[in-house]
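Here come two complexes built around subunit A, the first alongside subunit B, the second alongside subunit C.
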Partner chain A sequence: MKKKGIKPGRISKNHWERKNYKWIYLFLLPTIIIFLMFYMMPILQVFVTSFTQWDGFNEPVFNGLRNYKNLFTSSAFLISLKNLFLWALIAMFLHVGFGTLIAFVLYQRRRGWKVTRAVFMIPNVISAAAWAMIYRFFFNNNFGILNSIIRKFNPDFDVQWFYQSPWAFWAVTLTWLFYAVIVTLLVFGDLMSIPQELNEAAIIDGAGGWQLIRHIQLPLCRSAIATGVICSLTSRITMYEQISLTTAGGPGNDTMSLPILLVNAVTDYRYGYANAIGVLMFVIGLVMMGIINKAFRMNDSDY
Partner chain B sequence: MKKKQLLAALMAGLMLVSTGCSASSDDGGNSSDGGDSGEITITIPSYKTGENVGAVFFEPQVERFNEQYEGQYQIELENVTEDVFNDQMKQLAQQNALPPLVQGGDKEWLRTVVFPNGMAYDISGWLEEHPEIRELMLDDAVEYCTEDDGAIYSVPLATVRPTGFFYNSAMWDVADQDLSALTMDEFIDLMGDQKIAFSTAENAWVSALFLTALIADEEGGVELLNSGIEEKITDFTQPQIVSAVEKLQSLLQNNASANSIGAAYPDAANAFMSDQASIIANGPWMSTDFEETNSENWSNGFDGADVRASLFPNQVGIAQTQSYGEWWISADASEEEVECALAFIEFIYTPEELEAYLLAEGGDAPNLEYSEEFVAQQGETQVLADLAADTTEDTVYAPCILDVIPSSVANSDLSRLLPSLADGTFTAEEFCEQLTTAASEATAE
Partner chain C sequence: MLTLKKGASRALIYFLEIFVIVISVFPILWVIMSAFKTNGEILSDPLALPSSVSFDTFVHLFENYNFPQYFLNSLLAAGVSTVVSLLFYAMGGYVLAKYRFPGRTLLFTLFTVTLLVPAHSKTQPIFNLIMELGLYDNLWGVTLVYLSTGMAMSIFILRAGFMSIPKSLDEAAIVDGAGFMRIFWSINLPLAKSAISTAGILMFLSNWNEYYFASLLTMSDSQRTLPIALSYFTSEFSYNYTQLFAALAIVVLPGIILYVFAQEQVQVSMASTGIKG
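Moving on, here comes the complex of A and B:
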């Protein structure tokens, strides 16, 4: 059996790697500690205590799958799942679609595009809670702008947008639907990084405006759009302020959502149950990310 | 090379120290300070500070205490928003960083977590040494605050502030009638098409007060509400509640002010103080809103001087005498901190301070012999005088429904379902069934 020899005076690559790894690990240590303390441990705690009856203070008592059983037999939970599914569809097609459209409009770099981009950014610096309050006034039946305009044409119009079925669902949807600046910035960033030669080559080959978008620019923004979809969907899973400050999940359960149920459970000192909801939100988020990853082939190279 | 390695190791070590150990120095900001002067200082997180309506009386009261005990005791207030106060106390408790003197807290949390786990200081011995304070306290409150082993953790209340309603006598001229002596049906008939400022958002406070009064008016209603003090009400299909909800639905459909649906409390108050509604249910603390000094909040010709007050029909006053008091002392407080905290409690239970409190926020101290000056001053505030006149030994006290149902139902489900009751989507029975479902889900084990 032959043994690979090391020439005297030369240090092997493995030796340097081992030596470097020591330092790499040392510098990674603070990050790892922070990750374990502030991410991993709470996540694990949420998972473990979701199988317990826990008031958040006394020792948790293991109760098997009872929290999950209670959850899946709760009508409010099932409606909140249905709402999440609908909001996810709306987010994926309309919200992301709108953000992408704006990015393509900005990419034309017509006169005033920088101002337009800045104006489009403004809603993003206002908190969701503040927007919810603004929309409460906007949709107010007595003096809201919307109903005031509608009453110009139909004086008898009388709709409590946030408090009447089926309008409440759509009123809540409108509080976030058109604020797609994250998507716009992501897509716009990708558009700006497309090599000019590609566009020029396509134009020389006879590609018109729509063909350019359809066959060159849109495919090259695939990853940004996918990231936008993920951001948008995870926002729908965690959407709380817009609902809590407007409809509180009502009327009935029309706008019920998982975070509202979670907070209600915490209010009742049912931390085990609340954490079961948290686990489901986590799992739903992971599944959605997996599906988007696959659907948009995010691991494939663009070029 | 060695130098570089040494520098790198030093930096890595520094990063570790800064990230891993920086949290350990935090003491929650509630520490006492004996100081060199010998003055004992404690910090109390309080929501009765800043813009909170309770600050109007409480902050000057703390100043009076600090002046009286200058050089001996000092209380500093830390501003905490009322909405997050209870949660913050829970977090401080979990970190063993409770302030020495704690202002209230979630009742359920106190009952099931704080007191059974020995987190509070037993004041029963101190109360025995101060019979003059013990005598001022409400018997119901002392009984409720006394644990099975005789310990008393929460400082029992000495005052009761029955909540009724206010009405604008310029819009509804019934000042010559004793409204609290009427039956509920007579009251509703008399009301005709007068508008009530309801609220349905947040915890639907104003609507909940009316619902409480309507339940209390039903036969066995007061007993039903009182039963919820020990064990939360989860069955809303009981006949007293269904009947009360039917009446509430009628009031919401026929007498609610235009902005009631979706209104939070400030919206309801605004409706009342802008002549859009002539009636609003609320506690006596609202009396300050009707003083000339707050007239910037009035509009459409509203005049605070026109406002009168009454308890609800059948002499129902919404108040809970069987409850914990406002203060308790942390078991982790040092001897000096306990001394300071007890001195503060003794101070606020002096007849002068109790009378000042009643003048500022209304209510009654049944075991206190009022001074002549107090009686004269109370008469100067019309609404407080109205409520004082209505509060007699025949007054029926009932706890607010929000205090006797599961928290999530009180804080979320009620407001979520009320709009559907108001617009007729739900009948009273359906509304009650929905609440029952929500309550059973909220209490499922």
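Moving on, here comes the complex of A and C:
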């Protein structure tokens, strides 16, 4: 809504901008350097060297798709793909579902909703490493809380959660399953921005509580839920601490994940192989994001 | 019938609120409580309250192990990287928000699209970069990496913050003869306070808690940050549970305290991370 009358001012502003180009680019310089050093160059390096055999000391040798072929025939990699797929499904339906449910609970604004919201954040502000450690103790067979509660009902209960198949997979899942505060905050934000008249109009039209949620409120949170799904899928791809500090991928390869394999390859000086895993992480992320965008019709507007 | 349904849904709401509070707080309370118990007490009944309260274990940890050093390391790595990168990204976000120049859209797109690249996938090149710079096993190497981690999000938040400051203020300052630096430093920066604290809190928390790169890029005891120290500590002293729980409490509490003081801001910040991620 620019007024035509301020044209002289805009010309002088343009002139002023041109005069200050050196300042403008100087201000951008640190960010550009960081971008080149930590994003541009590393990403190019990852892509290029994923097609080579490289130990970090000798020059990389081009070997075509060998690394990728090796990956897709390695059982550890295939299991970590299977885990990622399972975890992605659990994240999408249970994790995001729980986060959304809590957002709707908060939206009712019953007594305690502010405390609940504040406290739900705590697991997210402490280090993931510490949280993994807490859970390692929590699930400990000798002095962990879970087993001592179960033993009150069944004295013979004896499970080493993080060390026994098939429990390890579910123990790792439980370290993040219910901690969906990001989803809750996103959905809650969207709920709060629903115009009050819309809720009132629906109630006048005779909509009951569940109908209001199902036909009005839930559809209007669509994009927040989609963003929540993307956030939570991204953290499934990059899941490291929760695994490295509890099971380290074991027992066997039961809880193997891509970042664990990647770090193992780096410490074994198999750089080309490690970078092929990096490329696949990136590609899987993009594909997932594309699917979610399509599925939730993210680009359509609501109002 | 209707009141029954209403009562049931109200009960469900309270049940879920209590469930969330329990799963979020109980594990941490249990850790803190266990830090005051003896080994025997921990093993015999994990749920019992401690028989006496003494801070000896904490004192012992601080006196006999390098915990003050780890604490300082964490504070240095997270603090320095946050302050420096805030300045850098504020400068970048400012010109991207307020000036038109060749390459503006391209740079903004490049900076923010990095959000799509998982940091873990760049592990090997970053590892090599730090090696070549001679900063392996050096806290400054970790700090340097931390400078980069919040880039996309901070540029996004800060640019939006500067965009909401009216341009008429800048124009008035130009008329008054203020230079480029002065307009940035004395007019825009103070007005972008809330965006700056949002980005700052997010970066500080994630760097303070960072484990992956710190574990990859350091070796020796003197360069460890708290999360790394904790993981070494748990593998070395796996028999002394009291000390383990005390160490965990030491690592966990600063973040929680920061959160208690800046609660509203953290919540707003966290919610904004998801925005169009």
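Everything that follows uses one rule, which is that the second predicted complex is superposed on the first by the 263 of 303 C-alpha atoms of A that agree within 3 Å, B and C clash if a C-alpha of one lies under 4 Å from a C-alpha of the other, contacts with A are read in each partner's own complex, and residues count from 1 in each chain.
Note that contacts are C-beta pairs under 8 Å (C-beta built on N, C-alpha and C of every residue); 3 or more make two chains touch, one makes a residue touch a chain.
These figures come from a predicted structure and were not determined experimentally.
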Touching partner for A:32 - first (subunit B), second (subunit C), both, neither: second
Partner chain in contact with A:249 - subunit B first, subunit C second, else both or neither: first
Which of subunit B and subunit C A:56 touches, first, second, both or neither: both
Which of subunit B and subunit C A:237 touches, first, second, both or neither: second
Which superposed partner A:118 touches (first subunit B, second subunit C, both, neither): second
Which partner, subunit B or subunit C, touches more subunit A residues: C
Which superposed partner A:182 touches (first subunit B, second subunit C, both, neither): second
Partner chain in contact with A:142 - subunit B first, subunit C second, else both or neither: both
Partner chain(s) touched by A:164 [first = subunit B, second = subunit C, both, neither]: first
Contacts of A:17 with subunit B and subunit C, given as first, second, both or neither: second
Contacts on subunit A seen with subunit B and repeated with subunit C across the two complexes: 23, 27, 30, 34, 56, 136, 142, 263
Residues of subunit B touching subunit A in the complex: 8-9, 12, 15-16, 19-20, 90, 93-94, 108-109, 112-113, 117, 200-201, 258-259, 261-262, 406-408, 411-413, 415-417, 419-420, 423, 425-426, 434, 437-438, 441-445
Contact set on subunit A toward subunit C in their complex: 9, 13-14, 16-17, 20-21, 23-25, 27-28, 30-32, 34-35, 37-43, 45-46, 49, 56, 101-102, 105, 108, 110, 112-113, 115-130, 133-138, 142-145, 148-149, 178-179, 181-182, 185-186, 188-189, 209, 224, 227-228, 230-231, 234, 237-238, 240-241, 245, 258-259, 262-263, 266, 271, 274-275, 277-279, 281-282, 285-286, 289
Interfacial residue positions of subunit A with respect to subunit B in the complex: 23, 26-27, 29-30, 33-34, 53, 55-58, 63, 66, 70, 74-76, 136, 140-142, 160, 162-165, 247-253, 260, 263-265, 267-270, 273
In the complex with subunit A, residue positions of subunit C that touch it: 9-10, 13-14, 16-17, 20-21, 23-25, 27-28, 30-31, 34, 42-43, 45-47, 85, 88-89, 91-92, 94-96, 99-101, 107, 110-111, 114, 116-129, 145, 147-148, 151, 155, 171, 174, 180-181, 184, 205, 208-212, 216, 226-228, 230-231, 234, 241, 244-245, 248, 251-252, 255-256, 258-259, 263, 266-267, 270-271, 273-277
